[in-house]
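Below, each structure is written out as C-alpha cells.
Below are two complexes that have subunit A in common, paired first with subunit B and then with subunit C.
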Partner chain A sequence: MSTAVAIHEQAHVPQPKQISNPGGFLRRTNFLTALVSGVVTAAIFWFATDKITSAVTGPGATNNMSLPSGLNISITMMYIGWVLGFMAGIGAFAGPIRWFLGHDLTHADAEYMAGKDMGREKFWKFTTDHKVVGIQYLVVTLILFGFGGLLAMLIRTELGATWTEVFNPNFYNSIIGTHGIVMIIAMIIVISGPIGNFIVPIMCGARDMAFPRLNALSIWLLIAAIPPLVSNLLMGGIRDGWTVYQPLADQAPIGMIGYQVCIITFAFSTGIASVNLITTIVRMRAAGMTWSRTPILVYGILGSAIMGLVWFPMYQYSQILALSDRTLLTSFFVPASGGSVWLYENLFWLLGHPEVYVIVIPATAGVLEYLPVFVRKPLFSYKLAVAGIFGVVGLSAVVWVHHMYMTGWAPQSNYPFMMSTEMISIPFSFLVLVMLGTMWRGMPWKRLPMMAVYAVVWNKVIGGITGVYLSDTPVDQYMHGSMFVVAHFHYMLMGAGLFGAMGVISYFFPKMIGRYLDEFWGSVGFWTAFAGFQVTFMSMFVAGLQGMPRRVLQFDSLFNISNWISTIGAYVIGIGMLIFLYAIVDSWRNGIIAPDNPWGGKTLENFTSTPVPHENFPVLPVVTSGPYDFGTPDPYELADDAIMRKTEGAEKVSARS
Partner chain B sequence: MSDSTATEIGRTLSSTTGEMVEVTGSRDKLGVWMIIVSCTTGTIALLVSYAYLWSLNVNSAWAPTSGSANWAPVWPFWVIFTAMFIATLIMWNGYRGLCSGKVAAMKSAALLSSLLLLGAFVAQIFQIARFPFGPADGAYASATLWLAIANGIWLFLAVFLAMAIFNRTRAGRVTPENPNHARLVAMFLTYLCVAAFLGSVFTTVMQDSPNTQSPPFGTFSQ
Partner chain C sequence: MSTTDERPLASADEPESPTNRPRSMHLVKQWLQRPYVRRLLWITVAITAVIIALSFVMVGFMNMSGGPGSAIMNEIEKTMFVLTFTCAPLMAGTLAVLTYSWWGGWGSVASGDEPTSDGPAIQTNGVAVVTWITVCSVLAAFLVVWGLVELATITSDSYGSVPANQQPNSAKPVVVNVTGQQWLWSFDYPDSGNIKSAQLVLPINVPAYFNVTSLDVVHSFWVVEEGVKIDANPGAITNTGFTPTKLGTFNVRCAELCGLHHAYMETKLTVVTQEQFTSWIREQGGTTTS
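So, the complex of A and B:
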C-alpha cells in the first residue's frame, strides 16, 4: 500500500495537574500483586460467605438436585472474590476511580501506562500499549493450547487403550469437557487476540487501539478467568462436555461453578475486546483508507468482533442463570419447578454456533491477507471476499437450531433451519473460491505461511462438506452424537481455524517479534501436525460412520482399529505441535532478524520499522492505493510500451507508403 | 474514554492523546453504542427467558402458588422505571444546557439525576427484599427476580456514572467545549430506561400463563 506522509502538527496541550508520579497507583501493581490480592480476596469471600450461609440457611439446606446450597454459594463467592481481587491487584479499577473523581490522565500518565521505556516489566503490568497486549494474548493462547492439547492426548490415550480403562469415567468426562472449553477459548482468541491487537491498529494506520485501558482490561479479565476453569478438575470436574447441558450441569459437582464463572468473566473480556476492535476499525483507519482499500484481515476481525459482541451475552446469561439455579435455587432450567432445558439449549447455541465463525472467519481472512503477498497477485475478487465474510456474519444469526434437531424442540422449525444452515455454506465457499482464484496460475513462494494456505483449503473443504451433510435433518438423525460430528467440527475448528492461525502467526511473527519464524523447524512441525491430523480425524469419520457415539469411555470392539489409528495420529499431532512450539520459542530468541517489510507486503504495517516503535508511525500515514496492488504494470513501462507501439505503427505505415 | 482537555486556539484537545475532543468523542460515542448493543442482547436473553417460561408453563410451575407465595405487585416496577425516566430526562436537559454554555445547569442536573437514580436503586433493593415469593417458588419467581436483580445492577452503575458526571463537571472536566462524557452517560441512561420499561411491561402483562394444560415433563433427577 503506497503511502504519503502527513505532517502532524504537534500542538502543545496544557495538562491537568499531575497528582503523583506518572502512573500513580499502577506503579505499585503487577501480576504478583494481582495474584496475592486475588487469593486473599477469594479467601475472605469464602470465609465470610460460609459463615453467613451457615447462619442463614443452616448446614442441611440443599439445592434442586440435593447439592448443599451453602457450599455452592461459598464456592461461587470465592471465585467472584478471586476475579475482583485479581483485577483490583493488577490495577484495573484505578482508571474508573480516577475518572469518577475527575482526575484525568496526563500525557505522562498515559505514557507510563503504555509501558514506554519500561523494558520487560511492562508485560507483567496493566499495560495499555496494544503491542504489549498482543504479545500477552499470544503467550496466553500458547499456554491454553498447550494445556488443551495435553488433555487431548489423555483423551486419545484412554480411547486408544481399548484393552483397559486408564482413567476413572468421571475424570475422563471431566477431561473431555475441560479440553473442549479450553480449546474453544483458545481458538476464539488465537487471531483476534494477538493479531487483532498487535497488527490491526498498525494495519489501519492508528497509533493505538481506540480504548487502550479497555484493551488491557480485556486481556487481564481473560487471565483472571482461567484459574476458575482449570480448578474444576480438582473439584469434581465438568462431566457434561463443553456444552454443559441442563439439567446435567445442575447435578454436577462444584467444579461446574468454575466453568460458569470462567465463561461469565470471559464474556466480559470478549465483549470489551469486541467494542475496542470495532471502534478502532470503524473510526481510526488512516486517511485515504476507504472501505474498498481496507485489508481483508481487518474485515475478518471486524466480522468476528461483531458476532462476538452480539451473541456472547446470550452464552453469558445462560451461565448466569444456570449459576443462579445452583446457588439461589431459581428454576430457569429445572423442569420440576417450571424451568426448561430447551431454554438453556437455545440460549447456549445462539452463541454456540456463531462461535464457530468467530473462530474460523479471522483465520480465513488472515490467510487471504497474506496469500496475495506470496503469489504476488492481487486478491482475486476482493468484493466477493468481503461479501463472503458479511454473508457468514448475517446468516450466523439463524443457524443455531440445527444443534437441536434431535431434542424434540419445535420440530417444525427443523427444515427452515436446515435451509439456513446449508445456505451459510455459500458465503463460506466464496472465501474458498477467493483463495483458489488468487492462487490460480500464480507462482507462489514456497514459504511456511503459504503452506498453511493449502492445508486450510483442504481441511475447510472437508469440514465444510461434512457440515452440509450434518445440517441435513434426515442425515443428522443418524449422525447426531457420533464421532462423525467430532471429526467434522475438528476439521473446521482445528483444520481451518488452527492451521490457518499457524500460517497467520508465522506470517506476522517477524513483525511482532522482530525475527523470522524458523522456516525449517516450523515447516517440519506444521506438516507433521497436518499429517497426524488427517490420520486422526479421517479415522474418526470412519468410526462415526460405523456408529460409534461420542463422549463414551467404553465401546464395542468393532471400533477398536479406527480408535487405535486415531490415537496414533493424535500423538503425531502432539509431536508436530511440540516441534512448532520449539520453532516459535527458538525463533523468538535466535531467529533471523527481520527487515521492516519482512515479506514485501503492501499493507501499512510494512511501512513502519521492525520492531514497531512505541507510537507505531513517526507520522500518521495516508493511504493512496489498495492493499493488494501486486502485478500492477509499472506506469512508466506502460508509457514506454505505448511509445514503442506508436513508433512501430508509424514505421509500418511509412514502410507501406 | 479519552480524557479532557485544554483549549488552544479555539480547539479543545485531549490531554491524554493530544487529539481534538471531537475525534475522541466520536470514538467514545461509537464505543458506547457498541456497549449498548451488547447489553441489549443480554436484556433480550432475560426477556426471552421470561416469555419462554411463561408460555410453556412447564409442569404447571410457572405461577408462584406454593404456600404464601404470590404474584409481585406491579406498581414498584413502574415507580422505579418512572424515577429512571425522569433522571434520564434531567440528564439530557443538563447536557443541552451545557452545550449552550450553562455549566451550572449540568452540575445541578447531574446531582439531581444521581439522587433520583440512587432513590431508584434503594427502591429496587426494597422491592427485591419484599417480593411475595422466594427464588425457589417457580419459574415466574425466578424470571421476575432476575429482571429486578439486573435492573438493580444497572442502577448501581447508573448512580456511579451520574455522580461521576457531577464530580467531573465540578472539576471542570465536563465543559461546554467538551460535553462528550455527559452525552455518553445520558445515552446509556436512555438504554437503561428502555430495558427497565420492557421489564415492567413483561412483568405487568405476562402473569398468568396462557398454557393452562401444560404436559408434565420429566424431572430428570438423578
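So, the complex of A and C:
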C-alpha cells in the first residue's frame, strides 16, 4: 500500500529542564500503589463523611425511600474516594500537578511514560504507549466477559430450574442487572478499546494516539470504575435490571450507588477515549491517506467514537440526577414530589439506543476491514460502506423513543419514531450489500476470521428481521418487555457484536501479540459457542412469542420446554467461550510466530515489523494507493470486452481495473 | 460500455437474430445465464419458502395460550405475516449468497493453505448498488406505511387517548381503573358501584376501557392474548382498551421489572357473556344499570 520515505527532519525546539530521574513520581506508582491508595482514600472519605453527616442530620434522617440518608452520602463519598485515590495512586495526576508547579514533562519523562525499554511492568503502570493501552483494554475486556458470562450461566441456571427458586429474588434480580451492564460495558470497549487503541494509530500511520496521556487516563478510569459496579453484589445488589428505571432504583439498597458511580466514571473514560480517537483519526493519518484511502475500520471507530461522545453524557447525566435524588433528596425522578419517570426513561434511552450502534458499528466495520483480505478482492463499493456507517450514526440520534412505545409518555410520537426506526434499516442494508458484494465470486480463505464473517451475517439477518417486528409499534405492543426482545438484542449485540469482535480479535491477534491465534482450538471454541448461541436464543424467541415476560425468575409452565432448551444451549456457549479463552491464553504464550504481514493485507499495520516496535514506524509512511487493491481483471468483463470487440470489429483493448 | 445502447448484442460465436429488445435486457439475460446466478436464485426461492413457513410457526406460538382474543391481536398477527413476507426475499437472498460462499460455490482456500491468486477486482457495480438501494428503500417505505396505518387502526381499536365518554362507539364501554402496585394488580369498576377485584372480568363484545396507573414504581399492564400493553406509571394515568371477542380465561402479566416479586405479578382475565358479567357484578355487591 505504501512506500516509506523520510519526509522531514525534526526542527530544534527548546526542551524543559530535567529535574529528577525520568518519570519522577511515576517511577514509584503502579497498580498495587493504586489499589492501596484507592482503598485508603475510600476509607478516609467514608469515615469523614459518616462523622459529618451524623453530626449534621442526626441518626434518624431518611431519604425519599426511607433509607438512612447519611449512609447513602457516606457510601457515595466512599466510592468517589476510591476513584480519586485509585487515580492518584496510579499517577494520573502527576502530569497536571507538575504542569501546575511549572515543571513540564521532558522528552525523557515522556519516553519513560511511554514504557520505553521497560519490561512487563509497563502493563501495570500509567503507560501512555497506545500499544500498551490496547493490551490493557484487551485484558480488561476478557475479564469483564468472563465475569458477565459467569452471571449469564447463573441466570440460565435459575431459568432452567423451572421447579424451584435457585436464588432468592434479590440476588437473581441483581445478577440480571449486573450481567446486563457488565456486558454492555465490555461490548462498548471490545473493539474500540483493544483494536481502536492498538491498531487504529498504526493503521493511520501515526506514532501514537493524539493525546497519549489521555489515553492512559481513559483505561485507568475504566479500571477504577469496575470495582464499584462489581461490589454492588456485596452491598445489596442493583435489583432493577441494567436500565435501573426510577423510582424503582430509589428503593434499591446501597449497591445502586456503586452502579451510579461506575457509570459516571465510565462515561468520563468513554468521552476521553472518544475525543482521543476522533482527533487521532481526523488529524494524524499518514501523508497521502486521503478520506477515500482510509481503511473502513477507521471509519467505523470514528463513527462509534462520535456517537459515544455525543450520547454518553445523557446517560451520565441521568445517573447524576438519580444519585442526587438518592443522596441530596432532590426529586427529579420521584413522582410523589413532582418528578417524572418519563424524564429518566428519555435520558436513559438517549444513550441507550445509540449505544447499540456504538457496539455494532465497529464490529461490522472490523469485519468489513478484513473480509477483502480473505477473499483477495477489493471491498465492494467502499463509498457505500462509508455512507452506511454515517447514515447509521446520523439516524441513531432520532430513534430512542422506540424503547418507549408502551410507556404512555407521548402516544402520538410513536408514529414518527416508528418511521425513523424503520428507516435506519436502509443504511444498515448498505453494509450488508458491501459484505455480500465482497463475498460475491470470491474464493474465501477458510481461516477463523473468515468463518466469523459468515456467523456475523447470519446473526445479523436474524437480528435484523426480528428488529423489524419490534420496530413496528403494533407488533411491539405484543413483544415489548418479553423474552423476544431479549433474544433479539442478544442476536444483535452478541451475535453480530461479540462474534464479530471474536473475528476481529483473531484477525489482529498476530499483529498485537506477535503470534497467531491457535486455529484449531479457536475454531472449536468459536463454533461451539455459535451452535450454543443459536439453540439458546432461537428457543428464547419461542418463549417470547408465547408471552413470557423478561427478567422473571418463575413463570407459567407453558414456557418450561423452551427454557430448558435455552439453558442447555447457554451451557454450550459457556463451554465454547472457555475453549476460545483457552485458545487465546495458550496462543499468547505458545502460538505460531507471526510474520510482519500475517494475512497478506494491504493496510499500513502490515508494513511495520511484528511485534510492532516502539513508535511503530522507523520512518513515517506515505500512502500512495487504496487499502483494498486486491484482485485480477474480471474474467466475465473480459469476456464482455471480447464480445464487444468482435461486434465492433475494433482491436483496441479497453483498460479495466 | 461506450457503444450505442440500441445496437443488438451478438454472441461471441454466432450472431443472434436481430430483435428490438434493448441492450440492457440482453445484459440481464446474459447475467441470468451465469451458472452461479441460477443456483443462487434457486437457493433464494427455497429459503423464502422456509421463512414463509416459519411465519406460520411463529404466529402459532403466539396463539398457544388461547389467543387471539380481540381484533387488536388479529391485527398484530396480520402485521407479523406482512412484515415477514416483505422481508423474506431480501433475507433469503442474503442468506443464499452467504451459504453459497460458505459451501465453496465460488471455490475456497483451505485453512492450511495460503491464497495463491486474487479474486476478480470488482470495485463496485452501479447497477447492483442502485437496485439494492431502491429495493431496500421501497420495502422499508412499504413497512412504514403499513405500520402507520396499522398503528392508527389499533389505536382506534384501543380507544387511544380519547376519554371514555367521548368515544364514538355506540356500545357503552366498560370502564376499568387498573392500579398496579408491588406486586399485584387491582381492578376497580367505577360505573358499577366502585367494586374492586383482583381479577379482571369483562363481558364479550363490549368495549373495555382502562385507566392505568401505579401506586409505587413503573409497572406494565399486559393482557397477553388481547395484544394490549401500556405502562402503569406512578403519578400519571395512561389509557388503553380493547373489545374481547373470545370467551375464556386469559393472562394479565406485568411486563416491566418492578422489584423483587415482579415474576409473580400476574392475574387472570375472564371473558364472560353479558348475563354472566351482570350477575358477577351483583355478586361483588355492585350496581348495574342494565
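The definition used in the following text is that the second predicted complex is superposed on the first by the 623 of 657 C-alpha atoms of A that agree within 3 Å, B and C clash if a C-alpha of one lies under 4 Å from a C-alpha of the other, contacts with A are read in each partner's own complex, and residues count from 1 in each chain.
Quick note on the criterion: a residue touches a chain if its C-beta (ideal position, glycine included) is under 8 Å from a C-beta of that chain, and two chains touch if they have at least 3 such contacts.
Since the structure is predicted, the reported quantities are computational estimates derived from the model, not experimental observations.
Asks: Which partner reaches more residues of subunit A, subunit B or subunit C?
Replies: Answer, by number of touched residues of subunit A: C.
Asks: Figure out whether A:422 sits in contact with subunit B (first) or subunit C (second), or with both, or with neither.
Replies: So A:422 only meets subunit C here.
Asks: Classify the contacts of A:41 with the two partner chains as first (subunit B alone), second (subunit C alone), both, or neither.
Replies: Once the two structures are laid over each other on A, A:41 reaches no partner at all.
Asks: In the superposed arrangement, which partner chain does A:247 touch: subunit B (first), subunit C (second), both, or neither?
Replies: both
Asks: With the two structures laid over each other on chain A, which partner does A:110 touch: subunit B (first), subunit C (second), both, or neither?
Replies: After superposing on A, A:110 lies in contact with subunit B but is clear of subunit C.
Asks: In the overlaid three-chain picture, which partner chain does A:408 touch, first (subunit B) or second (subunit C), both, or neither?
Replies: A:408: touches subunit C, not subunit B.
Asks: Applying the document's definition of touch, where does A:567 land relative to subunit B and subunit C: first, second, both, or neither?
Replies: So A:567 meets neither subunit B nor subunit C here.
Asks: Taking the superposition as given, does A:53 touch the first partner, subunit B, the second, subunit C, both, or neither?
Replies: After superposing on A, A:53 lies clear of both subunit B and subunit C.
Asks: If you stack the two complexes on chain A, which partner ends up touching A:283: first (subunit B), second (subunit C), both, or neither?
Replies: Only subunit B is touched by A:283; subunit C is not.
Asks: Which partner chains sit in contact with A:335 here, subunit B, subunit C, both or neither? Use first/second/both/neither.
Replies: both
Asks: Does any part of subunit A touch subunit B in one structure and subunit C in the other, and if so which residues?
Replies: 247, 251, 335-336, 340-341
Asks: Quick one: in the complex, what on subunit A touches subunit B?
Replies: Against subunit B, subunit A makes touches at 10-16, 64-66, 99-107, 109-110, 207, 210-211, 214, 247, 251, 271, 274-276, 278-279, 282-284, 309-314, 316-318, 321, 324-325, 328-332, 335-341, 343, 346-347.
Asks: Under the stated contact criterion, what part of subunit A meets subunit C in this complex?
Replies: 169-170, 173, 239-241, 243, 245, 247-248, 251, 335-336, 340-342, 374-378, 380-384, 406-408, 411, 414-415, 418-419, 422-423, 425-426, 429-430, 432-433, 436-437, 439-448, 454, 457-458, 461, 464-465, 468-469, 471-475, 477-478, 480-482, 519, 523, 542, 545-547, 549-556, 558, 600, 630-637, 639-640, 642-644, 646-648, 654, 657
Asks: Going by the contact rule set out above, which residues of subunit B touch subunit A in the complex?
Replies: Contact set of subunit B toward subunit A: 1, 3-6, 8-9, 11, 13-18, 26-27, 30-31, 34-35, 37-39, 41-42, 45-46, 48-49, 52-53, 56-59, 61-62, 134-136, 138-143, 145-146, 160, 163-164, 167-168, 170-173, 217-222.
Asks: Residues of subunit C touching subunit A in their complex?
Replies: Subunit C reaches subunit A through residues 1-3, 7, 9-12, 34, 36, 58, 61-62, 64-65, 72-73, 75-76, 79-80, 83-84, 87, 90-91, 94-95, 97-98, 101-102, 104, 106-111, 113-115, 117-125, 128-129, 132-133, 136-137, 140, 143-144, 147-148, 150-151, 153-155, 160-161, 212, 216-218, 220, 222, 224-225, 227-231, 233-236, 238-239, 251, 253-264.
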